[in-house]
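Report on the structure given below.
We call the chains A, B, C and D, going by the order they appear; numbering starts again at 1 in every chain.
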Amino acid sequence: MKTRSALLLGSLSAALVAFALTSPRVVAADKIDPVADAKAFQNFFFKKFPNVKHEDFVNGPYSMNADLKRQWQEKEEFPPYEFALDAGKEMFATPFKNGKTYADCFPDGGIGIRQNYPYFDTKEGKVVTLELALNRCREANGEAPYSYVKDEMASLTAYMAYTSRGKPMDIKIPDDPRALEAFENGKRYFYTRRGQLNFSCASCHVQSPGERIRAETLAPALGILNAMPIYRSEWSGMGTISRRFATCNSQTRAVPLEPQSDEYRDVEYFLSYVANGLPISGPGARP
Amino acid sequence: MASSIRVRATSNGDITEVQALIQHPMDTGLVKDPKGELIPAHYIQQLKFECNGKDVFVADWGTAVSKDPYVKFSFKGAKKGDELKISWTDNQGASDTTTAKIA
Amino acid sequence: MTTTTGPLATRRLILQGAASVALLGLGNLPFTASPARAAANDKYPEEAFRQKNEADAIKALYGKTAEPSDKVRLDAPEIAENGGVVPVSVTTTLDKVSSISFFVAENPYALAASYKLAEGAIPAVANRLKMAKTTKLVAIVEADGKLYSASKEVKVTVGGCGG
Amino acid sequence: MKRTLALAMLLALGLVATARAANEADYKAAYTAAEAASKQAAGLRNQWTVTVSTLTAAKKAADGGDFDRATAAAKEAEALAKASIFQATSEKDAWKAMEIR
């Protein structure tokens, strides 16, 4: 095991150096400019994959491989997340002990609003994700919060995503230095290498989308959260954004942080903002 | 709780296409749980589709059928509005049944 | 197939090893073993589902051998997205089809699923199967009492990079 | 290239096994050093899973009385923890190299 990862380390840094040389002009990015970042991010993928339709990026690996896309479309006829979706719809309508429901916690009764999450809460000065808002709604109504990585949270977010299907991602960054800071933290987390394999999110999802890591084809980073939550055959179950971040970390042998810790909330904020304009396609089915 | 069987039966007048998705773990009995004990085999053995009183399609399944199993087939001799009865039994003796109108 | 590395994977390898050894012994079984009753009966083919390899399973289920035929079209991915959920389907232009079955050669038990089609059923079926590893996939169609087969190789491996 | 060389070198340095048989005192010293480094890595929110598993293996070996293996494992855990600390500090600026601009 030791030699294999050292080998990986070596070959990877070689690839890194190559990438660094070819990456577009390097400018001192001291001023945080999300609009420019988002434009550069989207153009990078549009140029790298000219024949992938822009809205197709949200289909992750299926935008990268025709055979996989066929397998996926076959499954979409009767998708495995069907049960989570129905359970989510039922849970969403079931009143809490105090008679209230989730609809009372969310704008527009929680229907068709997923594309605005996560948002920056100026009172709290932090990013609030959909999963966090759902648990806060439960706690505000005297109910125990759900685990961020288990089925109940996945069913709720699956239903809320379903009600927003097709709507373009619409994340706002208020004119507040703390919001810009959160965006920058998210960006830094996305590009920072971690774990003994010394990979960052970008090592897989920017450098080599469309390529394989054993059986799986890597999804492009652009629109990677638009399909969340996802039913993964690998887990033969639903996965929330929190679960995905934790498992990605442990694959690079980095110890995952607590679900909904600041870094995860900020990287979700960054990834969602740069995907603005691309349609929500959740809940999704993935390998 | 809703039935464990989701079914969609659509007819184009002559041929009825049936799709079914069933909520079931389909455990093979060869997999260990995190504590290292074998999860006992628990899988649907027979799934029957009846229409107008006679079997139109019977599935005999082994442990190699995926979790939350899905099957699609078509048959002739039924028309819109007919009722399709679907029932399954598994190796632990559990069973479930549901009916669906052909759309 | 959930990825089970470590002790269990080796146990399964031993299992398969033992299976192939047992098979050698079986090889010289007199061919005229009583043919199983036609698959059209309602009884769950317990015996066939217990067979380790595909030839035995076909014999136990149908009591006769199949011949490859291009009238049987087997549709399965070249590389499975995930061994636990592999979409597989078969269609055929043969008529008077009474049964369609799927065999996954490298699985612990080869027979995966067997379908009995009544009068009027269109000879086609789609389902999602589990495959333990890269394997030969065989579809058998029983038409007018004779067996026709098609087979295809499906590559299966785990996903992810490290862990 | 320079950065990864340092990382690999650090890792190798930690793996040098002491010549004479290690006793409980050696193990204790190695374990405390490894635990301190591991805490620091956790503090930087950049702990590696292999550091944690190697530390537990060291403890397990020590409980079983095999102080040779326990000390070696503790030393390896320390090296891994140090490597993760090195990674966290060097990545503070290195991440910009991959940023899409």
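The criterion applied here is as follows: contacts are C-beta pairs under 8 Å (C-beta built on N, C-alpha and C of every residue); 3 or more make two chains touch, one makes a residue touch a chain.
Being a predicted model, the structure only gives us computed values, none of them experimental.
Each of A-B and A-D has its own count of C-beta contacts, and the greater count is at A-D.
Separation between the centroids of chain A and chain D, computed from CA atoms only, is 31 Å. Centre-to-centre, using mean CA coordinates, chain C is 49 Å away from chain D.
Distance from the chain A centre to the chain C centre is 38 Å, each centre being the mean of its Cα atoms. Counting only residues that touch two or more partner chains, chain B has 66-67, 70, 72. For chain C, the set of residues touching two or more other chains reads 2, 84-85, 126, 128.
Residues of chain D in contact with at least two other chains: none. Remark: the chains found to touch one another pair up as A-B, A-C, A-D, B-C. Across the complex, chain B is touched by residues 75, 77-78, 80, 82-83, 86, 90, 236 of chain A. Taken together, the chain A residues at the contact with chain D in this complex read 6, 9-10, 13-14, 16-17, 19-20, 23-27, 29, 37, 40-41, 44, 187-188, 191-196, 198, 200, 202-203, 206-207, 250, 253-255, 257, 263.
In the complex of the two chains, the chain A residues touching chain C come out as 5, 67-68, 70-72, 74-75, 80, 195-197, 199, 204, 213-216, 233-234, 236, 250-253, 287.
Put simply, chain C touches chain A in their complex at residues 2-3, 77-85, 87, 126, 128, 156-163.
The touching residues of chain B, when paired with chain C in their complex, are 15, 28, 30-32, 45-46, 54-67, 69-77.
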